[in-house]
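Letters A, B, C and D mark the chains in the order given here, with residues in each chain numbered from 1 onward.
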Amino acid sequence: MSPVTTSRPRRRLVNLSNFPLFRGTSIAVLVGMYLPLLLVVFYSFNQNRLAQIWTGFSFKWYDFVFHNDDILRALKNSLIVAVVATILSTLLALGAALGMLRMARSGRVFAWGLLGAPLLIPEIVLAVGTLGFFLTIKVPLGHVALILAHTAFCIPFALLPIRARLAGLDAAPFEAATDLGANEWQILRRITLPLLAPGILAGALLAFAISLDDFITSFFIAGPGATTLPVYIFGMIRSNVTPAVNALSTLLLIFSATLLLAVYLLNRIRRSD
Amino acid sequence: MSKVRAPKSPGRPGQASSWLATPTLVFLILVILLPLLITVVYSFLSQPSLGTGVKWVFSTDAYRQIFVQEKLDGTTAFDTRYLKVLWNSFYYAGIATITTLLLGIPVAMWIATRPVRFRAMLVLAVTLPFWTSVLIRTYAVRQILDETGPIGGFLKIIGVGNSYQILYTPWATIIGLTYTFIPFMILPVYASAERFDFRYAEAGYDLGAKRWTVLRRIVIPGIRPGIIAGIALVFIPGLGSFLQPDMLGGGKTNMIANVIANNFGQARNWPFGSALSVFLLIFTVLFVLMVTTGVRSRGDQVRLI
Amino acid sequence: MTDAHLDIRQVTKTFPTPEGGVVVALDSVDLAIAEGEFFVMLGPSGCGKTSLLRCIAGLEYPDSGEILLDGSRIDDIPAYARPVNTVFQSYALFPHMSVAQNVAFGLEMERLPKNEIKSRVAAALEQVKLTGLDRRKPTQLSGGQQQRVALARALAKQPKVLLLDEPLSALDLKLRRGMQVELKRLQRETGITFVFVTHDQEEAMTMGDRIAVFNEGKIVQVGSPQEIYRRPVNGFVADFIGETNLIKVTVGSGGFIFPGGGVLARELLAEDCEVPAAGECLLAVRPEDFELVDTDAAVVGEVVDVIFTGGLIRLHVRAGDQEIVAALPSHGVVVPAVGDQTRLRPITKAARTVGS
Amino acid sequence: MIRRSKVSRLATSSAIIAAGVLVLAACGGETTTTAPSAAAPSAAAPAASEAPAASALPATGSGELHLYSWTDYIDPAQLDAFTAETGIQVILDTYDSNETMLAKIQAGATGYDVLVPSDYMVAQMIELGLLENIGVNTLPNAANIKPNLIDVYWDPGRSYSAPYMYGTTGIGVDTTDPAVSGIASWKDYFAAGSVAGNSLDVLKDQTELVSAALRAGGVAPADLCSTDKAQYAAAQELLSTFKPKVIDSDGGIERMVKGSSKARMAWNGSVHRMTVENPNIQFVYPSDGLNLWADNFVVPVGAPDLENAKIFINWMMGPEQAGVASNFSGYDNGIIDSDPFMNDSLKTDPGVVVPADKVALISPTPSCGQEARDLYTEVFTSWQSGQ
C-alpha cells in the first residue's frame, strides 16, 4: 500500500531515477553481465567431459587443474612475468608520475602520448610491432621478451592510481619537510613514498591483474616454455578440455575479483585520509 | 663559499627532478614507439619467398595488395575483400558501440541516482568484469550462446529451438563485443552522471517539461562528456578486436585484427600484415584526434586516459 | 640597520598568472627585524605578507633583493639548509607519522644522535604541553593539539627565526585566545625571533612587539601596536587596524568643515599629523573616540540606527552624504533615538588626517 | 584368432598407405627419391655428409625438453611416463597448423628441442635450413621404422625426421542427420555446405581445403601442384558458395560429438575419437580422393639440448610408445610391431584402417612449389574473405 506521502512526490528527482526504463535496463544489464560468468562457475562443477551437458556435481576438474603440470607451468610463467612486469612497470610509472610534475609543457604532452599509447592503440598493432621489433633486434621470444612487452602496457595502468593520489596530495607536508631540513631525496623517501603508498599499491595490483589476464601480446611474444596461462587456456578452449577450462576460469575470476577488491579497499583508505 | 645553491624553484608535492621520468620515457620509446615505427618500415618491405619475416627490399606491394587483386584469369581488379574486412570492423564495433550506449546510459544514470552507499557497490559490480580476462569473458559468452547451452536448451524445451543459431554468426561477435565492452561505456558515463546536478532536471520539470524531454534536453547534454568518452573507449578498441570474432565468429567473421594476426601467423605475410596494422593505427589515431579536437571545440572536458 | 637580526632588502617577488600576466606579490620590500622580537606581519589576503614569509623560509625565491640573517645572505640557500623554521597554516603534519615522529623528523634530518633527538622531542612536547600523546597519529588529535605538534616540531629545531603562517586561523575563538597567550609565553621563554603572519588585526595587536602592515605588495607602516593604532600613516592603515570613520572634510580657515556644516578646530587634532593648507582631506576618527556634545563645532546629523552591543551603544549618524559610526558607553549618556538630530565630536587629540 | 587377423590387416593397410606416400614422391616432381638406402642420403640434404655414425644413446638424461606440437596430439600421461623413465622434464607448447609453427620458429622462438611438422613442411624447413641433421637413421630404434616410411620424399633415408603419426584427411559425418548422411565426396560436402543453415565444419587449413576443392573439380592427384590457373579458377568458383558454420582446425571433436556440427572435414584420427564417443559419426573416404599426410619429429637448428631431443625421439620410436601414442591420437603410426599395443577399437575402425577398396583414393598431401602455393593462397584468401 502506498503511504500517504506519495500523493505529492517529495523530490522530483525520484521521478527521474525511477524511470521504469532505467531500473529495468540496469537490472537486466547487471544480470546479463554476471550470468555468463556464473555459468562458467556452474559448469566447472560438471562431471561430464562435455562442459554443457550436465550429468552431476564433481570437483574432478579442479583436481585436474591442480594436478596438471602444463597448467601449473603456465601459471608459473604467468606469475613470473606478471610479478616482474608489475615491479618494473610500477617503478617506471612512479618515476614518470614524479618526474612529469617538473616537466616542461611540450615534454609533458609527448610523455602523455607515449604513456597513453598502450591504452588507445589496439593491442594487436602493438603486439605484432613488438614481435617484429624483437625479431629485428634479435631478442629471442620468451620470458624476457614477454616481460618487456607486459611492462610497457602495464605502465599506464600502474600510473593512473599513483597520479590520482599524487594530485590529491596537499603541498604543505612537502614544504614542511623542506623547511625542517629534508633534501629532495629525503623528502622522496620519507614523505612522498609513504604518502603515495596506497596509490602505488593500487597501481601495482592493477598492473598485476592486467599482466596476468593479457592474451594477445602474450600469444605473439611467448616463446618456448614461456606459454602463459591465458595462452594455455586459449589452446584448451580450442581443443576439447572445456570443463577444466571452466574450473581454471573460475579460479582466475576469483583471483581477479580478489585483486580488484583489494584496490577498492585501498581507494577507501585514500578517501578516509 | 661552500653554500648549497638553491634549485630553480622550491618544493611542490612530490617534488622530483624531471629526470626521474626519463627511464620510463626511454623504455616506452623502445618498447612502444620503435615497434610502431618498425611496423611502418615492414609495411614497405617485401615478403621473402619462403616463410616469415621480411626481405629488406623496398616495395609498396603490401599496400597495393590491400586494394588490388591479381585474379586467377590473369587480370587485375579493384579488391573489395580487405575493404570489406575493414567495413566489418567498423560495422561490428559500431553496432556494439550503439548497443553499449543504449544499455549503458540507463545503467549509469540509475547507479548515479542511487543512495551513495549503494553507488560504490554498484560501481564495483560494473568494474569487476572490467578487470577480469577478456578471454574468459568471451569464452563465457560462447558457452551462453552455444546451441547446447542454456538459451538453446530453453528454446528447445519450448519447442522453437531447432533452428536456433547465434554462435558462429556475426551476431555472436557483436554480442561478444557488447558484453566485453559495456563496462567501458558505463564507467565514464557514470563518472559524468555522478557529477551531474539533478536539480537541473528538477528545474526542467518545474518549467513544465515531461520526462523524455528532460532526459533529451537537459540530462543527456549534461552528461555528454561521459558519453563521448564512453563512445571513444568502446569504439576505438572495438575496431581492433581479435578475440571476440576469433572465438565467437566460427572463423568466419573476420575483423581487421584477425587478418593482421593471420598474416603474422599462418599466412606468413609480414609486410601485408604490417600494412593492415598501419591502416588500423591510422584509423585509431584519426578517431582519437577527432574525439579530442571535436570535444575541445565544444569546450567539454573529456579524458580518455 | 646593519645590526638587524633578519634584514630584508629590496625584495621583489612576482608570480605569473594563468592568463600570461604577472602579479607583483612583493614590491621592493625593506624590513629589519631585531633578535628576540615578536614581529607580526599584518594585511588583507593577497597583500604579500605570506609571500615574504615564504621567501624568508625558502619556500619561494625572491626575483630580486636580498635576505640577510645575522649579516649573511640566506636568500640563495635552499629551504632545507636555512636555520629558519615554519609553523604552517594547515599545520602540515605528516599524516603517516606519529606525533613523536613528526617532531623528530627535523632533528633526524640534522643527523643528531638518537639520544639527543629523543630528549629534544620530549622537551619540545613538554614545552607545548603535549606530553603523553607522542604515539598518536595526527588524525587522532584535535585541531588545537595538531597546532601544538606543528609548533613543537618547529621549535625542536631551535631555529634562529620561527615563522608562523596564520597558525591560529583554523581554531575557534576561545582556543585562539588561549594559544595567543601561550605563543607569547613560548616566545618569551625561548627567546627565538617570531615572525607571525596574520590578517586579524586584533590578533596582531595582541601579540606583536612590532607590526608591519602590508598592502598590495608593499609595507605601508611598521611600528608598535600603539603606534599603528594611534598613528596610522594613511586611510588604509587606519581603516584596517580597528574600526575607523574616514570622514571627508574641507580644510577651511577655522579648521575642518564636517559634512553637515560643523567645524572642528585644528587644535583638537592629534599633534603629529600633517594638515594641508586647503582643499579636502580625510579625517580618521575611531568610533570610540566620539563624544556627544551640545556645540555646533561637531558632526551634525540625523541618527539612522542605534545598536546596543552590551558595553557600548553604536550610533549611526548620517551627516551630509556620509554615514559616521560612534561607539558610546551604554551608561551615563542620554542615547538619542532614530530620527533625532545629534552632534558628535572627536575627543581631543583623537582625530588624525590621513591624506585625501 | 580374431585379434591376430585384425593385427595383420592393420599391418597390411599400413604398408599400403606408406607405399602411397612413396608413389607420389616418385611422380610429384618436387624432390628426387632415388636414394637407395639410408646410408646414402639424398642431395636434398646438404648437411647430410656429416650424418653421424650409429651413436650410443644414453637411456636417461637430465634437464628439460621443449616440445612444440599440435594441439591435443600427444598424450600428457605418456610424457609423464617419459619423464619417469628418463629423468627429462618435457615442456609442451602447442600449435594449430604447420604454418603457425613455422611462423613462430622463424619469428625467433629459439629454444624448442623437438617439433612435429607434416611431410611437406619438413621439406620446406630443410630447404630453409631450419632443421638439425641429427642422423635419425643412426638412432637405436631407427630399425623400427616401417620400411616404406624410410625413403620418403621429404627426407630420403631419414636423417632429419623420425616418423610419428600418419593419417588421411577425409570427412566425418553424423549418419543420423539426413542433411549430411549422403555425403560421399568432396563435391557432396561442398554442396552440403552451400545450403543455408547447414551444420558443416571445416579445417582452417589452406592446403587441405584448396586441394579438396581441386579434387572435387576433378583434378588428378598428380596435378594438385599444377600451375594451370584454370583449375584454380574452377576451385574458386566451387568454393564461392561454400559457407560452412565453423572454420576452425581445433575443437572439432567436441562440436561433432555434442551435435553442434554434423559433418566436418577432418583427420581420420580425430574422427576415430568422435566415433568412440558417438558411434553415429563415421569417417567417409571422399570418392574424389583424399590426402595422406605423415607427421614427423624433427629438431630445429639451435635446439638447446640435442641429446635430450634424440633420447625423446628414439623413445617415441619404440613399438610400445608408438602404440600408446596411437591410442591417444587415434592415428596409425610409422613403427613396426606397435600393433600389439594398440586398442582394438582403433584396429577395427575403417576410418583408421583403410579398407582395400579405398586405398586407391589416397594420395599424399601436395607439396607444391612457390607458384602453386601462391595460387593456393589466392583461392583460400578469396574464399575466407567471402565468408
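What we mean here is this: a contact is a pair of C-beta atoms (placed from the backbone, for glycine too) under 8 Å apart; a residue touches a chain by one contact, two chains touch by 3 or more.
Everything quoted here is computed from the prediction, not taken from an experiment.
Visitor: Taking contact as defined at the start, I'd like the list of chains shared as neighbours by chain B and chain D.
Guide: Neighbours common to chain B and chain D are A.
Visitor: From the Cα centroids, identify the chain that ends up most central relative to all protein Cα atoms.
Guide: If one averages C-alpha positions chain by chain, the most central is A.
Visitor: Taking each chain's centre as the mean of its Cα atoms, which chain lies farthest from chain D?
Guide: C
Visitor: Just give me the whole-number Å value for how far the CA centre of chain C lies from that of chain D.
Guide: 94
Visitor: Counting only Cα atoms for the centres, state how far chain A is from chain C in Å.
Guide: For chain A versus chain C, the centre distance works out to 54 Å.
Visitor: Could you state the distance in Å from the CA-based centre of chain A to that of chain D?
Guide: Whole-Å distance between the two chain centres: 41.
Visitor: How big is the gap, in whole Å, between where the Cα atoms of chain B centre and where those of chain C centre?
Guide: 60
Visitor: Residues touching two or more other chains, restricted to chain A: which are they?
Guide: In chain A, 50, 52-53, 131, 135, 170, 175, 177-178, 237 touch at least two other chains.
Visitor: Using the touch rule from the top of the page, what residues of chain C touch 2 or more other chains?
Guide: 58-59, 78-79, 81, in rising order.
Visitor: Among the residues of chain D, which ones contact at least 2 other chains?
Guide: As it turns out, chain D has residues touching two or more other chains at 104, 107, 248, 258.
Visitor: In their complex, what parts of chain A are in touch with chain D?
Guide: My answer: residues 50, 52-53, 68-70, 73, 131, 134-135, 138-142, 222-225, 227, 235, 237-240, 242.
Visitor: Which residues of chain C touch chain A in their complex?
Guide: Going by the criterion above, the answer is residues 57-59, 78-81, 84-86, 88-96, 105-106, 109-110, 139, 150, 153-154, 157.
Visitor: Using the touch definition up top, name the residues of chain B that touch chain D in the complex.
Guide: 49-53, 70, 72-74, 81-82, 84-85, 146-148, 163, 165, 167-168, 250-254, 264-268
Visitor: Inside the complex, what are the residues of chain B that reach chain A?
Guide: Going through chain B, the ones touching chain A are 10-25, 27-29, 31-36, 38-39, 42, 53-54, 103-104, 106-107, 109-111, 113-114, 120, 122, 124-129, 131-137, 139-144, 146, 148-150, 179, 182-183, 186, 198-199, 201-202, 205-206, 211, 214-215, 219, 236-237, 239-243, 247, 257, 260-261, 264, 270, 273-274, 277, 280-281, 284, 288, 304-305.
Visitor: Which residues of chain D touch chain A in their complex?
Guide: Residues in contact with chain A: 64, 66, 68, 71-72, 76, 80, 91-94, 96, 104, 107-112, 248, 250-251, 253-254, 257-258.
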